[in-house]
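A single structure is presented below for examination.
Letters A, B and C mark the chains as written, and numbering starts fresh at 1 in each.
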Amino acid sequence: QDITNNKFGKGLVNVVAKDSSFSLKFAARFQSLYTGSWDFANNDNLENGVSQFSIRRARLKFEGFAYSPKVTYKIELGLSNRDISGASEFTSNAPRYILDAVLKWNFYENFELWAGQTKLPGNRERVISSANLQTVDRSLVNSEFNVDRDMGFQLHHFTNFGENVIVREALAISQGEGRNVTSENLGGFQYTGRVEILPFGDFDDYSGADLDREETPKLALGVSYDHNVNAVRTRSNSGSYMTTDTGFFETDINTFFVDGIFKYQGFSAMAEYAKRTADIPVALNSDGTPTGRVVEVGDGVNAQAGYLFKNNYEIVTRYTQVTLDEALTGEGVENQYTLGLSKYIVGHKLKVQTDVSWNDYEDNADNSLSYRLQIDIHF
Amino acid sequence: QDITNNKFGKGLVNVVAKDSSFSLKFAARFQSLYTGSWDFANNDNLENGVSQFSIRRARLKFEGFAYSPKVTYKIELGLSNRDISGASEFTSNAPRYILDAVLKWNFYENFELWAGQTKLPGNRERVISSANLQTVDRSLVNSEFNVDRDMGFQLHHFTNFGENVIVREALAISQGEGRNVTSENLGGFQYTGRVEILPFGDFDDYSGADLDREETPKLALGVSYDHNVNAVRTRSNSGSYMTTDTGFFETDINTFFVDGIFKYQGFSAMAEYAKRTADIPVALNSDGTPTGRVVEVGDGVNAQAGYLFKNNYEIVTRYTQVTLDEALTGEGVENQYTLGLSKYIVGHKLKVQTDVSWNDYEDNADNSLSYRLQIDIHF
Amino acid sequence: QDITNNKFGKGLVNVVAKDSSFSLKFAARFQSLYTGSWDFANNDNLENGVSQFSIRRARLKFEGFAYSPKVTYKIELGLSNRDISGASEFTSNAPRYILDAVLKWNFYENFELWAGQTKLPGNRERVISSANLQTVDRSLVNSEFNVDRDMGFQLHHFTNFGENVIVREALAISQGEGRNVTSENLGGFQYTGRVEILPFGDFDDYSGADLDREETPKLALGVSYDHNVNAVRTRSNSGSYMTTDTGFFETDINTFFVDGIFKYQGFSAMAEYAKRTADIPVALNSDGTPTGRVVEVGDGVNAQAGYLFKNNYEIVTRYTQVTLDEALTGEGVENQYTLGLSKYIVGHKLKVQTDVSWNDYEDNADNSLSYRLQIDIHF
């Protein structure tokens, strides 16, 4: 058995070459999730309880630099059945094993060019790793509106103004069909832009919970705009394909996000607003009849706040509202109220998280209650 | 190239952190199998010979401790097509890549709590790693009756009585639908209990062949009982789903095992008895008509013995009988007689195993003969 | 973080045991590809342009020796959706994750016995790793005629004659159904033989481009013959299954290759000729009517040459012709003319490759033009 200087949570293998020609941080992680849920029609009685165990996520991750510290790489692989699901004729009927496979080249000063498949610079909640959430999982606003991962190029840049102010910009051109697609580009490309400002100095703004217990207030604000030209899927680069009698229905889909995160002395708050629009939201056949598919247009808001106690327990509360265009989608307003409790045994690297959520639908008939318990380990 | 202190067979990477915050043993293994088989109706003529090459199993394995030596983990991934087969709507139509993803917490004295997906504490033959068998593969009794892997919680405990006697107990509560299932729990949970006794001291009782050439006789006996509440599959948490006109047919399925292993001076013997029963073994539609699916109720016995020569060749012989309830399943008694020869080049880590089996069915018409040759490497 | 003596391009982990009982080189690699293509009917107008981003290949690779330096192993796993595609009932409906899983035993002098799944000793272009090509991808001759990977045994041998002359021979017996097949052998086995001669001394003859800038002219010539007894697929051990009304159509398929590679002072040239024949090329039903499937009989030639400038830019040109038997397959002659430019930042380990190809079909109506840009990183 060999001895390593690394510590738990810094990778299973973590090496740098003596000649500085490469480095590697290799990590594995998995989440074991128990879910219990009940129908709660009209908030009367808890009925039809169902339960579920699952390995929610399991991942292998390789990152570091290659050739020069200015060229970094990341490969992330999904292992759990939910991670790799989504096989279709568009993915060569193969599971979607690769999450990230991307090279990043710091070619000039504060500029970085990315090439490959990775997350687009969309809403903050999506870009925060699922390993670093302060809740059991991301919100419904994220699952409905996020622009996920795609293949293509990204340009990232940042500027420091004075002592504290940081501004970051990102621009992406991608295929617009989603991750792991092997068929050709349908419709046009997808363009994503994002600007962020951190007015009070740098901090861990892409990680949930104030584990660093910031001594001064820290804030990050961001705004993203995504334009998918002639998109063919109901959620821009994800969701169902809008097939027609002659091929695919194509329409421009736009997604807009505003988000922010605040941390101070163990308190943290995160909020985001998302809105999706489409040129022609109803997918039509060549003769003008509706295909039955509709772009999921609408908006949503998520707000959550947590306080981390000295003993590394955190209480977190979350309010989420998703408002799809009811006339088009037939979906009413959905509100979700969540109360969670986490124990950070070793920060986000070893933690137990649990929450209870009340799902309150416009019609009240579909209301439900759910309980979740998740154990996370991230090397 | 770096130098490692590890030896072949102790993992490809095997490290412990200087600060004792984690350890990792990472290993790969694969089995190359050649099979030849012939029909042997009424034991008359060998006919219709077929052959097959395959990568029988290929695995990646991560294990060690994390945060504290009291918290251990294991991740095992399947790579070969047989390892990962079994995709269905219940696994998100994705291959079943994860075998084990489990955390084990030694929270108090001799108690350990397990959470995640791993093997249930069923029959010994199943729990012995496929890397450590003294035969080319497990017996028909195992394939017919084992309770495999599932997701949930397990509590393990052991007691030492005096110098030599060891008693171990295990209790599991799991979903009862089998590994990698992503859909919700159908029917109720699955409960598994096991008690083991080692009257003559500890030894390598979950590994085939007496590679240690025990100087005194060593014995381990075990009994397991598994109760799957409202199971929906024909072999409890595996096998076909018993679908009906309105959903799933649910019935309690019980599996019982007694097993033992004995080792002394190169000689080893292993035996097990398995029995499956069901409350209502014939799956019925809502109107009481049979669906065609039947719980595979019945019993089986397996007995095998081997002797390891000084030159690390082992001769092994095995007798297996599977007796499903013929009235229900239409399957007659199957006997299998196997004679095998293994060469342990480096114990179970590098070995060549070969065997010939005569499958003797009640009707004699389906009799067959098969020959297998397998090369195993396990880092 | 630990320090490693390894350099970029020599594996992410590269260790040898102090007691020489094993070694491991673990590497990852991926290719990010952008493709643009246009119809170019009658070479008139570029029309119907389509584009595609993809992670073309992504791999994990384990190799080294085990137990003794005379026993070497290789495991290569595919990760990208194109790598793992091809699931069918013959692969247990599971993705084809394993590329190589092979043990090689140098049991006597210059003899080596291989067991498991790996590339057959067919055409050079196929056996050159996709990581070491001087073009963005292999030629059409290779995709049409190569004999790919299979499971079974191979015997390799080499002889040195005098100072410089090296002769290598290889013989393979394999299942003949292709990689990752889990169903039994259909038809008979596949036999492959290959002889190679290197008249002017050893060199990097299984790698594209003269990155070593050979000071004296180096040459390697090879000839392979492959005989697949009662093959059931249209391209021998790959392609569509020739199913009939009663099972599978079986016919002997032969593939013949001649190839050579030459390198001198930055200049390199590679050429190959391939020819496939079949006993009965038209697959017939039991009543003698054609099934519609036809063995892809015909021949092809590929020739390419490149020059590597001092600044590690290489210009490469390639001519490819595929001539399937038109009367049988209905496919006319296809010519492809390719002009490529590569920048080898760190040899084949980090490179950018781009090319433009004109596809010129016999009828001119299907002509097309394509542009490709690929970034490769291989640890």
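In this section, contacts are C-beta pairs under 8 Å (C-beta built on N, C-alpha and C of every residue); 3 or more make two chains touch, one makes a residue touch a chain.
In this text, all values refer to a predicted model and were calculated from it rather than measured experimentally.
For the pair chain B and chain C, the fraction of shared interface numbers is less than half, so the two copies use mostly different residues to meet.
The angle needed to superpose chain A on chain C by their Cα atoms is 120 degrees, rounded to the nearest 5. Separation between the centroids of chain B and chain C, computed from CA atoms only, is 38 Å.
Annotation for chain A: residues touching 2 or more other chains are 4-6, 13, 95.
Residues 1-9, 12-13, 28, 30, 32, 50-55, 58, 79-82, 84-87, 95, 345-346, 349-350, 375, 377, 379 of chain A are the ones that touch chain B when the two sit in their complex.
Interface of chain B with chain A (complex): residues 4-6, 10, 13-19, 21-24, 26, 62, 66-67, 71, 73, 75, 77, 91-98, 101-103, 115-117, 151-152, 174-175, 180-185, 189.
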